[in-house]
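Same chain, two partners: subunit A is paired with subunit B first, then with subunit C.
For the complex of A and B:
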């Protein structure tokens, strides 16, 4: 009871604030994770400073909140205690979770003018798949990505492959990988053909393979999964065969965080990972490398990934409006282009690719356009109610297969059964 | 390397004091050698990750995974780690935090333990049972409720806000109560006959006799809060309040992959004060632990 009184009291206090604030600025805090290294916090701080100069009535306090998972924990804890940050960047796939927790508001109410509508309509549709449900928009794409294939041209040349021709199909990929793996006489491998990391985002990698095998992992309503479909099992079989049958892929678990380093050190000739890595690889690679769309099975494809802006429900209308203006300002074409160039994430709107800065960048570094071009084939990232639990069930079973303790079909049946159990109450 | 002496307490048995008769329980000959070998093996296993951290921290990123003894040594990892976040401030915050918590725990714990050990007041049994119940509850379960309390008190994003939920430590109260109970009542009575007040008895008799327990408990408390992560992460937002562990997170990796060299440098840097402290006072610590019966 007293909790409710307290909330009512704080709401009243919060409502009283705009009246007080007529003289002072509207203040709100902005929680964001950094998936791309330490210096980025300074970039965000400088954006907030620029925004404050252009909008003297609004004061943003950016708070660096750790990884995506840690940011989610912080935001939900603060939300349950009644004082969430007004604006936060969270995984687009946590949309259903945030809606179920009544933590965020739909953004359609803030889109008023024609200019607003044009801006909202200009985001790539592939990114909006994880941002909209039941006709409402809940998130604004910010640092979004797809999975791409990076290949080391020098190692391709050494193996007698055409360094300008990445594998275009699963069959080609498997054949190339075979030639790119180096073994000594005793069978010890000094260089792997490819790495598809299986920790952290194992479900994401499997989803890419499943899409290429012609399946989707979940429905658009986020209350039904299809982990045990034959195509998904086939996708997992392809993955595990690379390790266990042809032995061209490291046995066991491949760490998400160290895969880029293995690629940079030449321990693997190819890797599948996010476009968010592009700038890192470009800065640190001491060899020629290429970026390609993922090889096709029945079709081409990759899930999208990354984070969206969301606006908290428990905030004053003035704060929500201010947060929306800041998010809109952050996703303007020039800034989206700059962010993409600085990090490697995909520019979130078509207009970002029309800016002069982006055109110059792409002219000098065409590899950066691959992720955008792949959007045509991209589908929504796996996103369900209770997303963290469902993806964990899937991720654990993928790892069980890669370590050899379960067969692919059995693991996918187990994952599906677990997901069914979690999702049944939401139908 | 600095890691090796760490193996000390586990490996080196202190030379047996000259006794008239050898202890019948001390293993001799082959068994003694076997025991020594086992201890060395375990100590080596334990120290390996630390040795790797030292190796990675002092070598360039390209030599991290290559065990080449000629590889050039470098301090640049430490410089990069130091520049990646305001570590000086984080060190200060952590030191203030652990001092604040330990001071609070000692004062509250001593007073509460004294009351539970020597006074029979109405409801003392129930009150002590409640304290014990707190021992059974993982602090992580209370995060939302604690956050709500801190935000009501206006202490979110402050160092006292991180410290407050830990200041009344059930473990500390329990430990001190058990220790105070073992102190002969006669000492207490004698002091009272001499005219000492309750507080004087506590400060002159009980506290000095429980010193090893305070040292052992201090080590447990300080190292726990030095390393605590989840609660400080949630309750702090700014550089002014964040402790080291949360500051370390800028190296959490994410989409650009993990740079082991810098992570190891940062980890060594942040755990150095504890490691050095332990090395300097290891004998006192080990003795305190034996006397206090905490393992």
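For the complex of A and C:
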């Protein structure tokens, strides 16, 4: 199987060069999702335009495909009907699903020259954890992130807290949010201390807390989960206590999509969300804000997150080679730096942080370096076989706890039992 | 003889286009779902095989299926009577000669013109905690804040309300058309007899509207099991499956988990439920609705 993929890759490489040289443009489509605020589609279109000018033999058609979930649905539907987009940006965590469906090819076959190898080796290792398995590379990091804490300095000042000092530990975080929550005499809250969104990426937020409590949620092979470990229950307990015990966090479910808006409106003094929202917040905030690493429990930590480039198996070798060249072009240090500045996502390689553009940017806006610095403490994002199903089992149970219908230990036992049932056939 | 044959051929030729479309996009998929529901989901390394009723056994043991079923029945019980009642009320209201009648009719019909996705996004803003429209109103009245879509108790009611708002205007159009078909002599006769407004409605208008009510009822039942656009936009079935409806769950199993055989089994259950509902409505109700 390894060799077959390798041969397919080499054959693709051998065939692609002449095909590209013989004129007759190679056309392929590129599906990408948008999961953060801001005018991202315009940025992508301008990149595709630049690439077309530099590579007249290749015509790439970028297609905005909705959220990550919707993009995966579209790509897999197209795969089953036989004509998938050659290149797509999909959640790095869906790697096992895509491999099981035989929808993507490993990329090692396209990496030939020493320059190629240097480029591949320069991606941050934390990002490669969700891009490689069993010795093969299946995805190229593109819009990758970690979870960071945003805080509103003006509201910190109002509450009598040092506006330059974000909470560094769970205990501090809990103490700060208590002071940052504003209630009237009847107990109605006009400003919350913090928001940790619980729709869409609830599993991701829990993972951050679990890492900080010293646990990992799944093994690197993606066939075993550890949802019922005491640290995970403790992490969930910390989260739900913010809402139900100290009442410094909105009751019920907090929307992923509206959390940045709540922060911009001053309805919450802090929020936990992806660094991919950084540029959106920077453009729209009418107050001073700061960005910090997540507070530490037993240790610091955050899962990585975000999307990788993947190349479809059902595409012509010439298309695959062209798609690879586009992906490689998109992740060049200058462009990775530009993309990071335009969005807030982490520059995916060390070299991106060596570029002049990035150095200037960081000098004027040091907050942008926080997510990169946090990579030192980062852990692979939860990723298993049948990833969507396993994440739903976990996400549903998190929501059950936050809405008060289950206790944390019971919910995590249920989630673990469901994950066991799903993953047993893959061992 | 020859002309009868050619008439038959003619007839069948006229039926053919619609028939071909129905068979290709309605009948064949239904049969294919039934067949597929008895097989396992094909995976690249594990081809599909016959598994008997295993998918149905899985369904019986699947709490999310049961929750979706119960949610869907509640959703139906909420939307059907409310949407029909409201539609009838609005239709009787704008059927009268009131000032600004055209404007009122248009206003009631507007939700129908909007795509469900747009409607859902508007209501998403209404329900937003803290600064949503609903919150601003309740805060001005001094009532406590509530996370409508984010708590298990209110989420299903909140999405039910959106569906009622969206559907009532549509059903109103049918009632309005039917009301205009009722002869004005009946109203005059009732007025001469000194019948009250309510008696006239109960004894004359409502019975004459029964065929329309049956038609609207059938549509309402179908919609209650078919409308999931707003669920996808507003809650994605959450919190913890509190707003998961059957069709939404079918979509999730089919297109997020790619367990197509299990999704086929769920589809069959949905089809059977709708078929039973249609049989009851056409076979039993229809015989009692006509005013004699």
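By definition in this document, the second predicted complex is superposed on the first by the 401 of 427 C-alpha atoms of A that agree within 3 Å, B and C clash if a C-alpha of one lies under 4 Å from a C-alpha of the other, contacts with A are read in each partner's own complex, and residues count from 1 in each chain.
In this section, a contact is a pair of C-beta atoms (placed from the backbone, for glycine too) under 8 Å apart; a residue touches a chain by one contact, two chains touch by 3 or more.
Keep in mind that this is a model prediction, so the values were computed, not measured.
Colleague: Based on the superposition on subunit A, does the combination of subunit B and subunit C result in a clash or a fit?
Modeller: Aligned on subunit A, subunit C clashes with subunit B.
Colleague: For A:41 in the superposed arrangement: first (subunit B), second (subunit C), both or neither?
Modeller: First partner only, subunit B.
Colleague: Where does A:199 make contact in the superposed view: on subunit B (first), on subunit C (second), on both, or on neither?
Modeller: second
Colleague: First (subunit B), second (subunit C), both or neither: which does A:386 touch?
Modeller: In the superposition, A:386 touches subunit C alone.
Colleague: Of the two partner chains, subunit B (first) and subunit C (second), which one does A:397 touch, if any: first, second, both, or neither?
Modeller: second
Colleague: Would you check which partner chain A:57 touches, where first means subunit B only, second means subunit C only, and both and neither mean what they say?
Modeller: neither
Colleague: In the superposed arrangement, does A:265 touch subunit B (first), subunit C (second), both or neither?
Modeller: both
Colleague: Tell me which partner A:77 touches in the superposition: subunit B (first), subunit C (second), both or neither.
Modeller: In the superposition, A:77 touches subunit B and subunit C alike.
Colleague: Touch test for A:252: subunit B only (first), subunit C only (second), both, or neither?
Modeller: In the superposed model, A:252 contacts subunit C only, not subunit B.
Colleague: Of the candidate stretches 76-84, 94-102, 148-156 or 274-282, which in subunit B collides with subunit C after aligning the structures?
Modeller: For subunit B, the clashing option is 274-282.
Colleague: Which positions of subunit A sit in both the subunit B and the subunit C interface?
Modeller: 73, 77, 255, 258, 265
Colleague: Flag every residue of subunit B that touches subunit A in the complex, lowest number first.
Modeller: Interface residues on subunit B, with respect to subunit A: 61-62, 65, 84-85, 143-144, 147-148, 151-152, 156, 230, 233-234, 237-238, 246, 249-260.
Colleague: Could you pull out which subunit A residues touch subunit C in their complex?
Modeller: Listed in rising order, the residues of subunit A that touch subunit C are 69, 72-73, 76-77, 97, 100-102, 186-190, 198-200, 250-255, 258, 262, 265, 267, 386, 388-389, 392, 395-397, 399-400, 402-405.
Colleague: Could you list, by residue number, the parts of subunit C that touch subunit A in their complex?
Modeller: So the residues of subunit C in touch with subunit A come to 43-44, 64, 128-131, 139, 142, 144-145, 147, 149-152, 236, 238-242, 252, 255-259.
Colleague: Which stretch or stretches of subunit A touch subunit B in the complex?
Modeller: Touch list, subunit A to subunit B: 3, 6, 29, 33-39, 41, 61, 63-68, 70, 73-74, 77-78, 80-83, 145, 255-261, 265, 273-274, 276-277, 279-280.
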